[in-house]
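Written out below as C-alpha cells is the structure these notes cover.
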C-alpha cells in the first residue's frame, strides 16, 4: 500500500516535471523577437494545458486514474458553468429582459422592445419551478412541469407524424416494376448498372419487402409463428444487415476524429510533423 | 436629315435581320452575343391571382399562361417578372426576379408591420406579368389583374392526411383501452429486453450493488424521454421494493426535475418514502461529452450491477456502453435514435429497438390500459402495410392522386 | 531516417498481429488494451511517417478529372464553396485539388459561395494554394472570387440568366466589368464546367437541379462521405462525376500527381488522411478475424 | 389542486398544440413562437436548479469525505471560476451582451474543446474493441451483422485491386437500399410509438411523472 502510494507520487512528480519542461520548450519555440514575452508564456501554457488534458483523457483507455478523474471533474464543472452563462446572457438578458423592463435593459445594454405581458408567464413558470427547492411548496413546481410536458407532447405528436412518419410512408409507395415494357425488353436490356431497370426494380422490391417485414417484426400483439414468424424473421435479418452496414460505415468518421486529435498532439504541441 | 434616314434605315434593317435570325434556331437567340434589338414579343395571357391557400396570409399566388412567343413562334421570351401595385394605375413594382420555365409565382411579403417588405392582409393588390426577352429593354406587359387580397386561413387542407391519421389513431387507442378496461384479455408477445429488466434488478440486489439509469441526451421535449420516465418509474418501484440503490445522472435540468418527481412517486407507491433521497437523481452537465465523462466515472467507481440506457442517445452511446462492459455491468438499452441502435446492439446485452422502447413502459406495468395502446399501434402498422400495397397498385394503374394525398405540404 | 522508422513500426505492427493471430489459434482472447494500442499505432504511424497508399481513381472521380483535363486551356470553370468549418476537413482537400488542376491546365477559375461560411474559407484557400503554387497567376485575369450572396437556390435562378443581377462586384468590392476575367461573361451558361463542393443544402444537388440541368451546363461535385449516397443517382446523366468524402479527394489528388509532375511536392491532405483510414480499417478487420478464430477454436475445445 | 390541476394543464396544452399545428393562420404561428420562447426561458431557470443539484452533490461529497471527494473540489472550482468569469460583466459595463471575458473564452477554448474532442475521439478505440468482441459468427443474426460490416469496411482496401470498384458499388447499394428499408420500418414504428406515448400522456393515462401526494 505504502509502496503504491510512493509510486504514484513519483509518477505525479514526473508528469508535472514533464509538462513544465514542455511548457518551457514550447514557450521558447513560439517566442521570437517581435512577440511580447508574457504572451508567448501564456500561449505556451494554454497549448500545454490542452495537451495535458488530451493525454489525461486518453489515459482512461488504460484504466481509471487520478489524471482522468481530474480532467473529468474539471470538464463537468467548467462546462456546466459555461452553459449556465450562455443561457443567462442569451436567453434571460437577450430575450426576456428586453420585453419586460426598460431600465434593466439599458443597464445590460440590450435594446428595449417594449413591455410585453406575455413574457411574465415564463417568469412565473420559472419561479414556480424554482419552488422545488422548498420542501413544503415543492409540489407547486408540478404546474410548470405539467405545462412543459403537455406542450411538448402535443407539439411533437403531430410534428413527428408529419416530418418522419408520413413522408416515410409515402416514400414507400414505389413502383415495383420500373419502366416496365414487357419481359422481352426486360431481358434484352438487362444490365447491372446502378441506374438500370434490373437494379432499380430489384431495389424497389427489397425496399418493399424490407419495410413490410420490418413492420411485422414490430408487431406486439401477434405471436411470431407461421406467416408472422417467417416475415418477422426476414425483418430482423434486414435490420441486422443494416446495423452491420451502419457500424462499418461509421468507422471512417471515428478514425477521422482520432486523426484530428493526434494531429493536435504531434503538430500543435510537439511540432513533430508539419 | 440624312443622318436620321440612315439611322431609321439601319434600325429597320437590324429589325428585319433580327427577326429572320430569331426564327432560325433557339441557339442563335440564346447566344450571349446577340445584342440586336429583338422584335416585341406577345405578352403572357390569362393572368390570374388569388390568395395563397393554407397559409398564414401575406402571400398571393399569381399564375399565367405562356406568351405565344415562349418556346414557339418568335421563341424570344426567356422568362417572366411579376409586378404588383396598390392601384390599377400603378406604380407597379417588381416582386420577383426573372422567372424561368414557370408560369406561377407566390408573392409573399413580411408578416409584421415595420418589417422590410411588409405586405398587409385584406388590402387590394393589382398584378401584371412582364414577358422578358434576352434584351432587357425588349419586353411585353400582360393585362392587369385585380383587385385581389391576401388573408390567413384557419385550416390547412394540405395537412388533412395528418389529421385523419391522428384522429384514426386516437379512436383506435381509446377503443382498445376501453375494451381492455372491460376486461378483455389482450395477448402481448414477450420481449427479451424487457424481461431482462426484472432479472437485472434481482441480480443487483443479490450483489448488493446499485442500478444506473441513464435517461440519455434527450431534452424534456423528446417523446423518447417521456417514454423513459415511465420506464424509470417502473424500475424505481422495483428497486424500492428490493431495497437496491439507484443512480440517475441527468443531462437536462428539466428532465432531472421530472425524473426526481417520477422516482419519488415510485418510492411512495412501493411504500418506502423514507428510502427516497433527492440526490439519487442529480444533474451532471448539459454538454454531451462532459456528461459522458461524468457517467463513465460513475460506472467505474460505483460499479453498478446493471446499466439501463433508455431515451435519446447520440455519438456517446458507444462510449457509455463500452465503459459499461469494462465495468462488468449487465447492460440494457433502448433508443429511437436510428443511427445509434447499431452500437447498442453490438455492445449491450439487450437492446430495445425503436418502437420497442415505447412499448416497454406498457410491458413493465402490465396494466390493461397501457396494453390497449399497444394493440392500437399494431393495427396502425397493419394499416400502413395496407396503404403501401394500395399505393403500389395505384401506381401500377397510373393513378397518382392516392399517392399525392400523402405528400403533406407545409 | 524516417523510412527506417516507418519500416520498423510496420514490422512491429505486423509481428504483433501475427502473434495475436497465433494466440487466437490457441483460443486465447485479446485484451482490450492491446486493441487500443494497435488502433493508436495504426493512426499515429501513418501520421508521423507520412504513409500513403496509391489511390487508383474510380470512374466517377476519373470522369471529373478527365472533364477538367480535356477542356481546352482558357476554359471557364466555376468553383462554388458550399460548406462550413465542420465539413471543411473532408472537402477542403477537394477544392484545393480542383483549384490546382484548373489553374495548372490554364483554365480561368471563378470562385463563389452559396454558404456564408464558405466565403472566408474560399479566401484562405485561394491565398494558400494560388499564392504559393501559382505566383504568376493574376487576380481578375486568371481567377476571381466573387464571394457569397444570400438566397441559396434563388441565387442560382438569377445567375443562370445574368450574373450582374446578383453580383456587381467581386468579394473586395471591385466592379466586375473592370476585371478582364468577366469580359463577355453574362450568365452561368457561359461557363464550361460548374463544380460545387459541399454536400449540405444548398449544395451539389441544388447546383445540378437549378443550374446544371436547367442551363445544360456540365456539373460536377465534391461532398462529404455521408451525403455521397444521396447524389449517386444523378451520375452519369446529370452529373459529370463526384468526389465522395476523403477517399474521393485522395483519388483525385493521386491522379493529379500522376499527370502533373509539378505537384509532386504539393500538400495532399486527402491522401494523407487516407493512410490512417486504410490502416485503421485493416486493423479493425484483422481483429474481427482474430476474434472469430479464437471463438471457433475455443468452441471446438469445449465440445 | 396538487394532482388534478397539473393533469388538466397537460390535457389542455397538449390538445392546444395539436390543434395549433393544423391552423396556418398568423395568430397560431404567434402562439407557437411564444411557447418556444417560453420553453427556452424556463430552461434557464431549470438550469439554475441543475447547477444547484451539481453543487449540492459535490459539496456533500467533500463534506462527508466520500470516496474521491478531492475531485469534487475540482468540479466546484471549475464551476465557480467559470461562473465568476462568465458574470464578470458587472465589472465591465462596456462589453456587449454575452460573456466576452477573456478567461471565459480561453477556458472554453483550452479546456472544454480539447477534452470534448478527445472524448469524442475515444470512439475510434471503442469501435474497434466493440467490433472485436461482438462481430463473431455465433448465430445467423450475428453473422449477418458481421458480414455487412466487413463488406462496408472492405471498400477502403487498396489490396483488393480490381475487386475494389465492385465492392464500392455493392456497399453503396447496401447503404441505399436495404438500409433505407430497415430505417423506414423503424421510423414508422417509432412514429406510432411516439404518438401512442404522447396521447397517453395527454389523456392522463400515463402519469408517473407527476408525483402522487
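Worth a mention:
Order of writing sets the labels: A, B, C and D. Residues in every chain begin at 1.
We take it that a contact is a pair of C-beta atoms (placed from the backbone, for glycine too) under 8 Å apart; a residue touches a chain by one contact, two chains touch by 3 or more.
Please read all numbers here as calculations on a predicted model, not as lab measurements.
The chain occupying the central position, as judged from C-alpha centroids, is A.
No other pair of chains shares as many C-beta contacts as A-D.
Per-chain Cα centroids separate subunit A from subunit C by 25 Å.
Mean C-alpha position of subunit C lies 30 Å from that of subunit D. Inter-chain spacing, taken between the CA centroids of subunit B and subunit D, is 18 Å. In terms of their C-alpha centroids, the spacing between subunit A and subunit D amounts to 6 Å. Of all residues in subunit D, those touching 2 or more other chains are 18, 21-22, 39, 42-43, 46-51, 54, 68, 112, 115-116, 119-120, 122-125, 127, 129, 131, 133, 135, 145-146, 149-150, 153, 156, 172, 175-176, 183, 186-190, 192, 194-195, 197-199, 201, 209-211, 213, listed in ascending order. With touch defined as above, residues shared between interfaces to two or more other chains in subunit A number as follows: 57, 60-61, 69, 71-73, 75-80, 82-83, 129, 132, 142, 145, 148-149, 152-153, 155-158, 160-162, 165, 169, 172, 194, 208, 211, 215, 218, 239-240, 242-244, 246-247, 250-252, 255, 258, 260. Listed for subunit B are residues 159, 162, 166, 221, 223, 226, 254, 257-258, 261, 283-287, 289-290, 293, 301, 341, 343, 345-346, 353-355, 359, 374, 377, 381, 384, each touching two or more other chains.
Listing the residues of subunit C that touch subunit D in their complex gives 30, 32, 35-36, 38-40, 43, 53-56, 58-59, 228-229, 232, 247, 277-278, 280-285, 287-288, 290-292, 295-296.
For subunit C in complex with subunit B, the residues that touch the partner chain are 32, 154, 157-158, 160-162, 165, 184, 186-187, 189-190, 214.
Taken in their complex, subunit B has these residues touching subunit C: 30, 32-33, 78-79, 97-101, 326.
Of all residues in subunit A, those touching subunit C in their complex are 61-62, 194-195, 251-253, 255-256, 258-260, 262-263, 266, 272-273.
Against subunit D, in their complex, subunit A makes its touches with residues 46-47, 49-51, 53-54, 57-58, 60-61, 69-96, 108-110, 118-119, 121-123, 125-127, 129-130, 132-133, 139, 142-162, 164-165, 168-169, 171-172, 194, 199, 203, 206-211, 213-215, 217-218, 235-252, 254-255, 257-258, 260-261, 264.
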